[in-house]
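Below is one structure. I have some questions about it.
A, B and C label the chains in the order they appear, each numbered from 1.
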Amino acid sequence: MEITPTTVSAAHRSHWLTLRNMATCLTAILAMPLFLIMASLLQPFSDTWQHLSDTLLTEYVINTSLLVFGVGIGTLLLGVSSAWLSALCEFPGRKLLSWALLLPMAMPAYIIAYTYSGIFDSFGILQILIRSTFGWEYGDYYFPQIRSLGGAICMLTLVLYPYVYLLARVAFSGQSLTTFESSRNLGRGPWNSFFCVSLPLARPAIIAGLSLALMETLADYGAVSYFGVNTFTTGIFRTWQGLGELLTAAQLCAFLLVFVLSLILFERESRKRLRYYQNFAHAKTKLIPLKKWHAASVIILLSFPIIMGFLLPATQLTLWAINYWQKVEKVDFFHLLLNSITLAIAASVICLVFALFLSFIKRRFGGHRELVQTEVVKLGYAVPGTVIAVGIMLPAGWLDQKINELSVLWIDDTLGLIFSGTLGILLFAYLARFLSISLQAIESGMSTIKPHLDESALSLGASPSHLLSRIHLPILRPSLFTALLLVFVEVLKELPITLILRPFNFNTLAIRTYELASEEQLMDAALPALSIVAIGLVPVLLITRIIIQDKN
Amino acid sequence: MRIITVLNQLVKRTMKSIWIFLSFLCTMNSAYGMGYNSDTFDEELNIYSARKEALIKPLLDQFSKKTGTKINLITGTGDSLIARLKSEGIYSPADLLLTVDAGRLYRAQRAGLFQPMISKALSENIPPHLRSIDDQWFGLSIRARVIVYSRERVTPDQLATYEALADPRWRKKICVRSSSNIYNQSLVAGMLTSKGIEFTSAWLEGLVKNFARNPSGGDRDQIKAVAAGECDIALVNSYYLAGMLSSGDPVEATAASKVALFWPDQNQQGTHINITGVGITKSSSNPGLATNLIVFLTSDESQKWYAQVNNEFPLREDIELNDILKSWGAYKASQVNVSELGRQNVAAIKAMDRAGWK
Amino acid sequence: MNEQLSLNRVSIKYPNTAAVTNVSFALPRGEIGCLLGPSGCGKTSLLRAIAGFEPILDGQIKLKGNIISSPSFRQPPEQRSVGMVFQDFALFPHLTVQQNIGFGITQATKEQTAIRIKEMLDLISLQSLAQRYPHELSGGQQQRVALARALAPDPEILLLDEPFSNLDSVRRGQLAAEVRSLLKRRRITALMVTHDQDEAFAMSDQIVLLDQGSVAQIGSPKDLYHYPVSIFAADFIGAGKLINLEVDAAGNLLNGWGKLSNKQWSEKSGGRIKLLIRPDLVIFDKEKGHPLFIVEKLFQGANYLYHLAMADGQILSCLAPNDIDHAIGDELPVRFKLDQAVVFKTEGT
């Protein structure tokens, strides 16, 4: 499988091999938390397992399955329908709605959960209004319990559907319209054509989006724990923090990883024929014009997720934030802002660099080894942040101990902690968790570059760095931006890793939000929460411009 | 020998450059300052705190001002801080570990993370049942778990003890948060300590049957649920109710005004309490200074702050309370040593699991 | 009335599509028609209107006498029984050859469908590839599958949009002949769109030549070739050259090439004309030919195609057997079959 053109000199070749081995080492280090988790399965299973299987394990499995199932259905319904309508139909406000549909991406799940509780809870604005309007008491009317499994499914669906929407939309607008038309020509109506042709063709992209959304669902802790829904992830926390059984928690997590692994394999399988599916139409595809009431109902349909997933919670947060503006220490707030942004920028750049490196190596060698490497790295995204953090903290601490023991031996002095408690280790943990995102963005970009380009560049004597900088990077530019921006948004929202690994006196907006919210000072938490959403909007809008380039 | 000297140099230099690289952003951060200028401080104390920054920083700032000590703070959840301490071992920079429950202090003590500190000032400031027997950790403030009831639908004479909450008369009338919450765990641990496992299990069975809904949300959400009429009584920590009463948000204040507080177990061993507390780490390079900080935190001045600003109960009864706390009247608190809560914590969780308290 | 398809004064105007004005023509049952014209002449718009993908602004389109499109009514594409082979074939990449062909057969039992698919596979001689996916097929094979897929539901008319443009030139000719004989054998009415006159000639019985959205000429390939009614038609069809010449009252060409027949020139006076001379009308004649300079020479196997310069610099083409081998720069003596040349009177001086 290795492509080694004869023109490459021996020196060149060794250069390549060094790079290849570096990539393997990097993956090995990044996979450390995963390795620790899997290794936990080799340890003896404690009595706690008996207790768990007697009591909560069934609930964890059932709730997690229902949650994944519900969020899966929900994100598919919202994501696919909105993607298809906005990619292929013509109606007033199409462009505006197309980008606005991505807005909920900037809303962290835990924030929307808190906000919705404030609105729909039994003592929320809405129910108070209902009671005072009709003179009812609680229980005189039916109102769904917001803090429930159903509520959690709704919350996660509202903030995660943009992943499906984003990828499905790209796929739909890449489909040539003639495929759809030829189906209609063959006697199938518009709906039938959608289900028999457009949908199956977009399936790989839809599943890729879906698997991102489901990984987020599996890793979510904030929203489900607030809603009192016991899932695998809350179970991991509880086993560690409540029962104090780190090992059992790790073993639970290993089973979660098996879940995730099957998700990834499923996604890979469906991606196999992807490149044959997207025969990008060269001519601009014509949009389907909609009649008046059709257009109106489409507009209403598409506005629904935007209002529920963004406008409503953002408005509530703004109202709270305005009320509490006076109480905020401005200087302190400015520091939080700056910390959050610097951290997110640093992390996204680092992720980008390593993602480029790994995908470049994979492209050049494309061997079994590289394939495994990238898949392993991608696993990181599905692991709950806390698990990654602990999985990195433990080996870092161990390394620090050893280094200090050595330094005492050699220079008769301690060096202190070199890794633990530094921003470096925090950034490394972000890398372990979010590299997957940038890697996927870069890989999808790389796959559009024909291998002949590499071969011709190499036959002209280009070195690896030349190939990357002069050929790949310029072509990849949109993917690079996407990778940067996606990681930026994720790090901005990130909570558990930052909480566990950050150095002294270092706080971010997410941490402040969490601290205030967990002290149940929701209104005080509104301003930092709103800032996360607002800053997160910038990259989301930029992504829209890059990805949803209409061909008109 | 020469090789070793060269190696020394090499190691030191490499480490130095790594440090500079890794703490690049850190320095950037401190360059625009977190309120301190490191030049003016003689000494430093590093604190790992499970108490949220807003609820401890003002006191630490006062100590800084007073003593010229620079205080560095990392907040987090108790267990992640304990895990961090463990992994950093004897090289950990932390001098103190602050937690918001006795269970975590007990756990840290069992992991050998604390060093004992015998101090006369501390023994005087802190009642014995609010610190560990071997002086490894010390209570800083008291959190009471109380019953909150609807003024419209419940009268105080219907209430008496935690035990009575399992009575069938409260079927589908009680709101309480998840069993993952430490204060629920410690309440059950307290019950285990005084009544034993069989009694506690039976009690839990009855209590869970009385839940009006699946446990979810926080303590304030339970109070709001009582106000809304979703349930008649709720189990919450008292300072949440006080916080709502003094809240600037009309919704919260209205909700709080619709409920009243009841001190349970006044004729038994007293209302269940937990503590926020602190211990000096084994790795601390300045245990003396750390002790001074604890003494400061348990001084009248700081204790008053807890009671006035934070709505928590101080360690000693002679400290003046704010109006809200005063309005609830004096109460009898449980005298069981809070170490017991830590010791029984895991058993409590398992009992709750078996009873189906979600 | 055996008109399978008829268009009556059809106009199309739609943003982003080429406009079509006032197009009328009819296609009898079993005939193969062709919309021919340069790109942007509106031929694809017309085809899409017939298939039901575009609304029409004026006029009406009838299939077997029933109106399928008018300004106020548009039957949905799926109800029209119009088969279409798309330019990019538009095969469904997620379906096998067999599934692609069976896609349009909706009103049949499983057995009937299977029989029909087999019949279609036999028709295009791709039985062995039934289980393959489109991306595993060559361009020609994909084309045949697209054809079979369009024919499988037994449509009233088959539309072909530039059906051979994605194939190389050798396959193109071969496949065009194959497709024609297949359609003829099964008496299928078909209408194709192309900009390539060779394709149009090879395939069709009737050609509708379009120029900027209007009909320039309708007729058989032979008619169009031999009797173009306009300079546009003359220029577009065939490899002939239009030469500016002068003629006297009797029809004698002033440059001495010969005399036009009465049919070709019936004016009372002399004048300027454009003469359409196709390469096959220029004959090598060693004895009586007019010598013209060879400026370019293309070997075409059996023939040489010579480009010859007249004294005034105008260029003509001459098709000569390959034994007549002269070098560039030499003179080639030629005579002209003037009686078959088409004459256009030039307006003005």
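Criterion: a contact is a pair of C-beta atoms (placed from the backbone, for glycine too) under 8 Å apart; a residue touches a chain by one contact, two chains touch by 3 or more.
Being a predicted model, the structure only gives us computed values, none of them experimental.
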| item | value |
| --- | --- |
| Chain whose average C-alpha position is farthest from subunit A's own | C |
| Core chain by centroid distance, with centroids computed from Cα atoms only | A |
| Chain centre separation in whole Å, for subunit C relative to subunit A (CA means) | 55 |
| Where subunit B and subunit C are represented by their mean Cα positions, the distance between them in whole Å | 87 |
| Rounded Å distance, subunit A centre to subunit B centre (Cα mean) | 33 |
| Complex contacts: residues of subunit A adjacent to subunit C | 176, 178-179, 181-190, 192-193, 196-197, 200-201, 203, 273, 276-277, 279, 284, 286 |
| Residue numbers on subunit B that touch subunit A, as the complex places them | 4, 7-8, 11-12, 15, 18-19, 21-26, 28-30, 32, 34, 46, 52-55, 72-80, 83-84, 86-89, 91-93, 107, 177-178, 180, 185, 213-221, 224-225, 227-230, 240, 243, 247-249, 251-252, 255, 345-346, 349-350, 353-354, 356, 358 |
| Contact footprint of subunit B on subunit A as seen in their complex | 51, 54-56, 59, 117, 121-123, 125, 127-128, 137-139, 145, 147-148, 225-230, 234, 237-238, 240-244, 246, 320, 323-324, 327, 335, 338-339, 342-343, 346, 386, 389-390, 393-394, 396-398, 400-401, 404, 407, 410-411, 414-418, 420-425, 499-500, 502-507, 511-512, 515-516, 518-521, 523 |
| Complex contacts: residues of subunit C adjacent to subunit A | 16, 51-53, 76-79, 81-84, 86-88, 90, 92-94, 103-104, 106, 133-135, 149-150, 153 |
